[in-house]
Every structure is written in structure tokens, then in C-alpha cells.
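Both complexes below contain subunit A, partnered by subunit B and then by subunit C.
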Partner chain A sequence: MASADDDRAIIEKLGYENLRRSERALRRRNFRIALLFMTPAVLLTSIVLLLPIAFNIYLSFTRWERFKGLDQFGGLDNYRLLLNHPQFETAFTSTVIWVTASLIIPVGLGLLLALMLRGIPMEGTFKNIIFLPRVLAPTSIGVIWFYVYAPHGVLNSALTLISGDPIDTGWLYTDQTTMPAIIATYVWQNVGLVMVLLLLGLAAIPTDPIEAARMDGASSRQVFRYIVLPLLTPTLLVVSMLSILAGFGAFDLLWVMGISYPGQRTLSLSVYMYFVGFNKGSWAYAAAIAVFLGAISIAVTWVQALLQARAERLRS
Partner chain B sequence: MVNSIENTPFEEALIRKPPVRRTGIGRRAVFLFALICALVWLAPFYYLAISIFKTTEEYAHNDPLSLPQGLTPILSNVQQAWAQANMTSAFFNSALYGVVGAGLAVFFAAMAAFALARLNFGGKNFWFMLIFLGTIFPFQMYLIPLFFGYQHAGILNTRWGMLLLYTAICVPFPTLVLRSHMSQISREVDEAARMDGAKEFRIFWSIILPNCLGSLVALFLLQFTWIWNDLLFSMVLGNRPEIRSIMNALQVFQGNYAATGPNVALTASLLASIPPLAAFALLRRHFMEGLKV
Partner chain C sequence: MKSSLYKVLLVAAAVTATGVGSAYAGDVILNHDKNFWSPQLQAVGDLCGTKTGVKIVQQAYSPPDQYKAFIQSSIASGNTPDMFTWWSGVTFRDDLVATGQIAQLDDVWADMLKSGDFKEESGAPFKIDGHYYAVPLHFNRWVMFYNPELFKKAGITAEPKTWDELMSDAEKLKKAGITPFVTTTQDGWRGFIWFEELMIRTNPKAYLGLFNGTTHYDGPEVRKVFQIWGDMFAKGYFTDPRSNQEMQDFAAGKGAMDLMGEWAMGLMKDAGMKIGKDLDGFITPDVDPAAGPGLIFEASPLVLSVAGKAKPDVTTALKCWISTDAAAKWGEVSGNFMGNVKATPPNAVVSKVSDAIASDKSTQLYPRWWEAVPAELQGESVAALNSFMLNPTPATAEKVMGDIEALHKQYWATHKQ
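Up next is the complex of A and B:
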């Protein structure tokens, strides 16, 4: 004989199913609306960004060159060429130097400035001055520094004034000086941003443990080494990753400032890729260089994510 | 939008003064170091400031560090720079790409972010990744396919083509920022509106968007600056003189075939940097406030 309890159970079950059905209907309705909202973004990014990336990977396996060979499959030919090409090697070496310098110098100097400028007179003015170049357009910076480094330019003039001997170096023409000169400009442009990012990281560090350590007689160096640095590590990792990715993609300054340098095409992989593709018409080979750069970017992002996860785990 | 007089974290970072105990010689050495850095950092600006007031003659025959003899040459420098780089058209193009491209991109990103943050449906991560995936690759991977794709579609070297690229490339980052911002807005607001029978678009338009106005402005300025400063895509996809952007046009002053003196080139590069400078001045207030990821 059915009891009242059984009846209630049946009613509840029915109600629950109705609820689930209505929730599913709601989610379906939501999905249709969501799709409408996402359509412009999804269409734009898939057609203008994702499709080209897929096509670029395909191209790197063809023999496409000067409007022929798009349908010829070349396997790994372009990648083999890439590994054996002396110009690629030069460009790759330059890129490694560029990335290393544009990571170590701005991050080092940025950290130094972030730590040292605290508490000195006119602190805000100094920080604003260091940040200022970042606000100019990179191409404008390239043009300005092109003339700073020119043979009759302001740098030679200043060096002449300091040393007393007439100095007439073409900083952006000679092999030994071109890269360091452009790196110096890059440092000038980017230290400010690195400093601000690090300052934000420093501002997020709680002051209590630092005060406590000071009370216990720890020196500033110990405080920095054992309290500030570990807490700043996540910020440093993000800044480093951003610097490395920016370094591999750097184009504007190298292009604008290297215009008069005979070896410009091998100043970096990004310039080399542009040259191979758009000046020489070796499209498939240029596509392979782009894939190589893409692989590096993915690897850097991945390593950073791993390190970040480790840093988080160590902290907790 | 927050209109408080409190400093944004960005400004806070610039002016914050935590207790640092430095005394005597150390303090003076640090100040000296800062002073030297500041002078080195300002030197190129000094050079820029004196050079734009010189005539080509004056620049060529005097020490580049010397002070200008008068202030009037800047007028003819601006005139020459304007004519040489065809700046009327270049400024118009860059402004068009920057304003329309960044505006559309931020709006589309806001729509997508609304769906991802405020609507309940399955497979959100897939859709987010679909939008975001395009930005983790270096720009070099787009160049060749876009060049030939554009040629095939007949939009190579056209304003439409440039706008299409700039809009698309500026969508993913604002989507990321706005998604997290929108998911922080209290749910009760739009639940209540939904009860009242408001359509989703009205909730988006009159409740969510006004709540994110600060971020929207900041993101628009950031993306505008990026588009304005872009050289690479402009060189590959927009090289016809009439549709050239200002950064691309600046290249007429570069290299060994430049027809004018450094004074004109420097004036031109300063003119080209005024909009990003202005954008930053506006952005400073919103720099971090709007970008709490």
C-alpha cells in the first residue's frame, strides 16, 4: 500500500527532472545568446589570426618560392635548409645575444632603480624621467637614435668633448658597434616599464616581515636576499617572460636603426624572416623561420608557466 | 569609472615611499647615481628639443650639441616634415586605424567577455581559448599568409584590409581583461534586470558596460597606442602611399636617400609621437585601475 512518503518521493523526483530539463533548456538558450555575443570576436580571431597560423605551418612544408611550388610538398626541406644556412645561424646568434642582453640589462637595471630610488629626494621625478622614453613611438625612437649615433651626430660630439680627441665613429655602420648601440637604445626605451612592473611587485610585498626582520637585527642585504627576493620572484618571472617574448619579436628598432648597416638582414630572426620572405620571395623558407620563432614563443610561455606554478607551490 | 582623488596603483608605485633607512654617504651616493641616470635618460630629449629649432644649414655646420640660434626654424621644419612624409594623409590613416580599429576591437571584446563571464553555458573554456589562442604566437607567423590571403581577397593595400587586421589583433587581450573584470560585478544586478524581463543585450548595454567604463577607456587607449605605433603590419599589408600609416611614412626620412636634414626627420618623429604621448597622459589615471586582471 502506497504511503504518503512514497507519493512525496515521486513528486520530488518528477519536480527534479522538470527542473533539470528546464535548466538544460536554459543553458541551450544561454548558449544561443552567448554565441550571438561571441560571433564577431570568434570570427575575427579565427579568420584573421588562427587561419593564417595554420596556413603558415602548412606553407613551411611546401616549396613555395617566387609564385611557384605552392602545391609541391617539400617535407622538412625548409627546416633542413634553416639548420644549415649560414645566414640563419648568424641571425639566430644575433637574436640570442639580443634576447639575453634585453633581458638581463633592463631587468637588472630596472630592479636596481626600483630598489634604490625609494625614499630619495625627488623620487617621483626620477621615476617619471626613466619611464618617459616608453611613451614615444618605437619608430620615432629609432629615428632619433639613428641621428644620435650618426658620424657627425651628438654621441660622437659628446665623446669628443669628454675625451678631447675628435671621434667620428659610425656607430650604426660598423660590425662591432651596431648591435650594442641598438641594445643601448632598447635599454633606454624599456627600463622604465620594467621598473614600474617591479615597483608594483614590490608594493604588493607586506611590510610586516621586513620590519620584524629589521627588529631582529637583519641587515638590508639579508632582508633583500631572504624576504624581498623570494616574494618578488613571481613578478620577476612574468617580467622575464615578457622581456624574452618581446626580444624574439623585436623588429621596429632593428629595422629603423639598422637601415644603413650592411648586415641588417641578419640582425635578428624577425628581420631575417621579413627579408627572406618579402625581399627574396622565398616564402616557404620564411614560413619555416616563422614557425621556428613560434615554437620558441610557445616553449618560453610553457617554461614560464611551469616555473610560476613551482614558485606558487614553494610559497604556500 | 572611479573619479576619486586617490592615486591609482600605478601612481602609487611611482610615488610610494616605504620606510628606508639610509644615511650619510650611502644616501648621497644613491642620489648621485639617480641624478646621473636621469641626465643620461634626458640627454636624447635635450638633443631632440634643440634640433627641432635648427635649420638644416645650421644643423650641418654647427656642433649638434650647440643651442639653436633662433626659435622660428621649427615652423619650416614642421612644414617640410609635413610635406615630405605626406602627413595629412598619414595622420588621417593612422587616426582612422587607431580609433576605429581599437574602438571596434574593444566593443567586440566586451561582447565576447559578457558571454563568457555572465552567461551560463557549457564549453566556455573552448570558446575563450579560440579567441585567445591567436595572440600567443609571434607576429611573424601571420605575415606571409595574411599578405597572400589579402592579395587573393583583393584587400591588400586597402584601408579595409588594415582595419580588419587591427580590429582582429586587438580583440584577444581586451577579452581577457574584461572577462575577469565582468565576472567581478555582482550577479544580483542582472538577475534582477532579468526578472524584469530585460533582454540580454539591454543588460549588456545598460548595466554591464557602464560598470566597466574605466577598463574600456584604458583598453581603448592601450590598443589605440599599439595600432598607432605598429610598423611591421603597415609595411607588409598597407604600403600604398595613400593608405600608409604615419609610422610607415616616417621611413622616408631614413637611410641614405633621405632628402632632408636630421632636423626635419627629428621634427617628424616628434610629431608622430604626439598622439601616443597624449594617450598615455589620459591613460595614466586608468593605467592599473582598469587593468586588474
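Up next is the complex of A and C:
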């Protein structure tokens, strides 16, 4: 094994200039090796992600409708249509409602469950039961709940049993009940994941400040408000941003459960985009909606990064 | 080392090739969206392979939206498949054929008509400006299917010949505790079925006017239809439209009659019904006798691309498809009528309908609403019709008529009538 004296002797022998040169050569070689290892990932990302995104942006500026117009430049026409289309407005409003509900309810309920379950006997069993729906495919969940909400389904049968009067409400057929019914299913599916993430966040909170506060006579509410919540903020931020992004991309549950609802096509922007593209063949307009959705996702991620950095600064 | 690497690559290529599909050089691919008929289409394809040496290999894309995307993007990028199915009506005439990439089949039709295998009316949906652009994949008429056992139970001894008789039978069924008609908004597209039927039974001319903007959806002709339809709902003549098991409901006897295309008989059989026992059909009588004899038809075109028609194997495959043997096979395995009158009819109901049409030369065939309405308006309009079925009140009818008319008015303002 070479000692520090040996290294010094070699350096003196070769001279510093030669050493710098060989260092540069070594760095170049390392870079080439790194590039070689990175190439498959870069190629894969470019082919399956960046190229389709670029192509989609290009499509949004064409006039492609069903069989023609792919080679015609339409400028900002599709974006103008998007801003003036009443159905887009309805779909956007529905999406905002959906995102708000699918953020507030699962995060609120997830936090409550995390605080309630932490440290209780059989915590693991309860966690597994609540997390279970998350491992099922959203389309399977959609089909299961479609039948739960059916006119002669489980929900109405239970309500009939409780009330004593026959109830055959079509939960997935009316303007008033379709969205709330699907949101309830979404919450059922996702609250487990939110709870597990928040439990991980709670576990990472140091116990010293909590114990110190308690010794100083702080109530449980004060401990939660002034110690736990600020320290849990980074986790809450991540969970919230993931919920918002998932909310804007929501499709499967809305598609499967909303199949019989006459207003299905405007239940969310993703569903509207599918309808406009695949059903009507207005591909260029659908591409513009996709760009709009992509822009929202980038903006949300950017805001999340900013807030995360701010939270880290405050914590340190 | 190198040689073993090549071997691995060759094996991988072979495995990939066999995994991708079982078509070989000389086979002709038939692209379609009717996944539920894949085995039946292949049975005809195999028959053609034996008969002509050119095997038709069916290739399904499902659901239909994905299929549309595949064909539209293929054509838009100049790679039209050699042989594929599409829908008749506006999307066929104004969109597909207008691309200029679909081959004219006048020569093929000349032979089909000369041989007497097909009649002019089977080709009408595919004829544009005097030229044929497709042959039929199927040619279905929309009839009233019924359950003879339930009719018997209600004391009905003969099929209704007039609208009054039909309504009287509905009342008898109701009194016997049987709901007369099965109806549903299943899969989101069925809203137009009763609407179109009542339109052609009251005023077929006005029905055709819906497709060029000359009939208004809030006009008196449509208003009358909603009135009759709503009245039937009010009398309890329909099953719960929220059920999404139409065929199972019909087979289980939840309703005595079901208005559907002839193609549905395969599904009814799958649900357990048997022609001659608990399944039969008749042509719905006119509400207004002045409407004259007529039926809704639904025809799926089978087309060739211009490049495809230049290939001898592809033309051989197409000619085999329309041959009497293939048509009989198609009818036997799928229950579909293709329009080849020399082929053995698929079943007794198809035979009965064909005989009824043949016996009255004045019978008119009307295009199905779904194919006849502009593609841009299909989705919203049918959703509005569904919403009426879910809440069949006069107020909903007013709203639905107004909403559909607004959509169509906007469309016809920018499109030629």
C-alpha cells in the first residue's frame, strides 16, 4: 500500500504539470464512461417521454381533425378555442372541484387517521386494512363501486334497510350525486397512502422538543399546533402536491364510474381531452388541452419546490 | 462469443415475431374494432385461406375509440392499412372517402350485382357520387325482438300489425305484471334507439331532415316523438334505464320486447335465449300509417386502400369475403346478415325480416341516427337523449330538445346543408 510519502515522491518525480494533465485525462475518461452508462437512460427518456411531449406540442399548433390537417399550421387557434369553449370551462371547473376535494378530504382524513393510529395496539393491522384499497387497480375499484352505487346496489339496499322505505337512487346518474359519489370512492382508495406517508413523517419528528414542551406545560393541542405541524410541513407539502398532480390527471375512476352519467365528458379535463380526441377526432384541440394540463403540472411542481425550499430554510 | 450473441438476437427476433401476430407473407390483415367477433371473423378468414390460398387474418383494436385513433393517425400520416372496417354515414362519406385514400370498388360491385348475390340497397350506404367505396361487413336491420313465451302469458296471440295493437299489447303485458319494453342507457350510446324509431314511425321525411339541418330538434315533428316517448315512460312501459345489463334483463324476462339491431341476436343467444322458443322479432308498426313501411338499417363498410387494391392478394381476399360461402359462414358463426341474398340466412328472424322487405317493394331503409348525424354532434346529442331517458318529464324533454337544437344550429351555420 502506497504511503503519503510515496505519493509525494511520485508527484515530485512527475512534476505538477504532468499530474494536472493526467488528472484531466482521467476526468475525460470518467466522463466518457459515465456517458456510456447514462446513454440508455437518456435515450429511453428522450424516446418515450421527451419526443412524445415535443410531438404533442407540435400537434397543438396544427389543424389535425380526424383524417386531415396534420400538415396544416393553425397557430394559436386551438388555444383560443380552449379559452372560449364552454365545455372546457365546465371541465375545468369540475377539475378544480375534484382537485380541491381530493386534496382536502384525503389529506385531512389521512392526518387524522395517522394521529389516531400512531402507537395504538394492532396499529399495523389497521394500517394494512386502510391501505388495502390502494393496491387495487383504479379501474377495478371503479367497477366495484359502480355496482355499490347501482340503483339496486349495496348502498341503496343498506339505506333501505335502515330507513325502512325502498330507496333506488341512481347515485351515478344525476348532476347532484355523481361527482360526490366518485370523490367518496377516490378518498376510500387514497386515504391509506396519505396516512402511511404522514405516519412516516410523524416518525421522523424528533421527540426531544415535544417532551420539552410537555414539561413546560404545553397542552396536546399546543404541541400539535406549534411543534408537530411545523415539523410535519415538508411531508404535508409533498403529500399535497402529489394529490394535486394526481387530481389534475384523474381519469380512470371518472371514466369507469361516470360511464352512464350524461355529463361524463366534462367530469374532468383528462376525460374531456379523451372525449375530444378519441371520440370526436379533434386531435389538435385535444393536444392543446394536454399541453394546458402539462403546464399546470409543471407549475404545481415548481410551486412545491419553492415551498419545500422555504420550509427547509425555516426549519434550519 | 459473437456467434452466441447473434444466436440470442435471432431467437429474440423470432420470439418477438411470433408474439406480435400470426400473419405471414401472403396473408391479408383485416383491421377492425369488433373484438367480440374476432373468432367469427377469423373463421371466415380461415375459410378464405382454404378456398383461395389467401388467408384473411383479423386484427382487432378495442375499444372503438382506440381503433378510430389508429386508422385516423395512419391515414393522416399516409400509411393507410390495406383492408379495414369503418362506419357508414357522414364519417364514411365526408371524412374517410374524402381523404382520397380509399379505393373505388365499382368493378367489384358490378360483379356482385350481376351475379344476383347482392341487391342495390345493400350497396347504397357505400355509394358516393355514383361510385362504390366499400362492401358490407354486415347489413343489419333494427327490429323489435320479443319473447313469445311472455306474449303468451299475457294472452297475446299474434304479432302486432299496427301501432294501436302494439300499445294494446303493451297494456296487456303490463296488466300481466310484465314490463313491455327493455330500455337502457348502457354504455352511453343507446339514447337514440327509441328516438330514431319513433321518428321514422311518425315522420320519416323529418327524420332525414335531422341530418342536413332542415328539421329542427325543437320543431313539431321532434316534439311529437318526445310526447309519445314520454307518455310510454309515464305509463310504465319501459324497464329501468339505469340497468346496464340489457341482454340479461331481456333474457331474464324483465321486459317482453327489446328494440335492437339484428346483430344483437348473437348476444341474446349468449344470454340464454333461443330463437323459436323465447326469441322472435317483428318490424315495429308505424305510429302514423302515412309514414309507410320502413326500417332503420346499420351497415358497416369494409374498405380497401388505394394501395391495397393494387395488390392481387388483397383483392382476392375482398372477393372471397363477399362470396356466398363466406357470407353463409359469417351468418352461421356470428348471426350476421351481410346482404348476400344467395347465402343461407343466419337465422329465422333475419329470414322473416328479409321476406317482409322483399314482399313490400315500397319498404324504405333509413340510416341509423348514430351514423347519419355529424360526428362532432354524436356524443353531446346522445348524452342529452340519455338524460331524457333517465328523467322522462316534459320539462327534461324541453331542455333536451333545446340543447340538441342549439348544438345542431351552431353546426349547420358553418357547414353546408
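The rule is short, and it goes like this: the second predicted complex is superposed on the first by the 298 of 316 C-alpha atoms of A that agree within 3 Å, B and C clash if a C-alpha of one lies under 4 Å from a C-alpha of the other, contacts with A are read in each partner's own complex, and residues count from 1 in each chain.
To be clear about the criterion, a contact is a pair of C-beta atoms (placed from the backbone, for glycine too) under 8 Å apart; a residue touches a chain by one contact, two chains touch by 3 or more.
None of these values were measured; they are calculated from a predicted model.
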item: Which of subunit B and subunit C A:V228 touches, first, second, both or neither; value: neither
item: Touched partner set for A:M241, first subunit B, second subunit C, both or neither; value: neither
item: First, second, both or neither for A:L117, with subunit B first and subunit C second; value: first
item: Subunit B versus subunit C as contact partner of A:A184, first or second or both or neither; value: neither
item: Which of subunit B and subunit C A:G153 touches, first, second, both or neither; value: first
item: Which superposed partner A:L254 touches (first subunit B, second subunit C, both, neither); value: neither
item: Which partner, subunit B or subunit C, touches more subunit A residues; value: B
item: Subunit B versus subunit C as contact partner of A:W283, first or second or both or neither; value: both
item: Footprint overlap on subunit A, comparing subunit B with subunit C; value: 150, 259-260, 274, 277-278, 283
item: Subunit A residues within the subunit C interface of the complex; value: 64, 66-70, 150-151, 168, 170, 173-174, 259-260, 262-265, 274-275, 277-283
item: For the subunit A and subunit B complex, residues of the former touching the latter; value: 26-27, 30-31, 33-35, 37-38, 40-42, 44-53, 55-56, 59, 113, 116-121, 123-133, 135-141, 143-148, 150, 152-154, 157-158, 161, 188, 196, 199-200, 202-203, 207, 211, 245, 248-249, 251-252, 255-256, 259-260, 269-270, 273-274, 277-278, 283, 286-287, 289-291, 293-294, 297-298, 301
item: Subunit B residues within the subunit A interface of the complex; value: 9-10, 12-20, 22, 27, 30-31, 33-34, 37-38, 41-45, 47-48, 51, 60, 63-65, 108-109, 111-112, 114-116, 119-122, 127, 130-131, 133-149, 164-165, 167-169, 171-172, 175, 200, 204, 228-229, 231-232, 235-236, 247, 250-251, 253-256, 262, 265-266, 268-270, 272-273, 276-277, 280, 288
item: Footprint of subunit A on subunit C - complex, ascending; value: 65-66, 68-69, 72-73, 75-77, 91, 95-96, 98-99, 185-188, 240, 242-244, 375-376, 378-380, 383-384, 386-387, 390
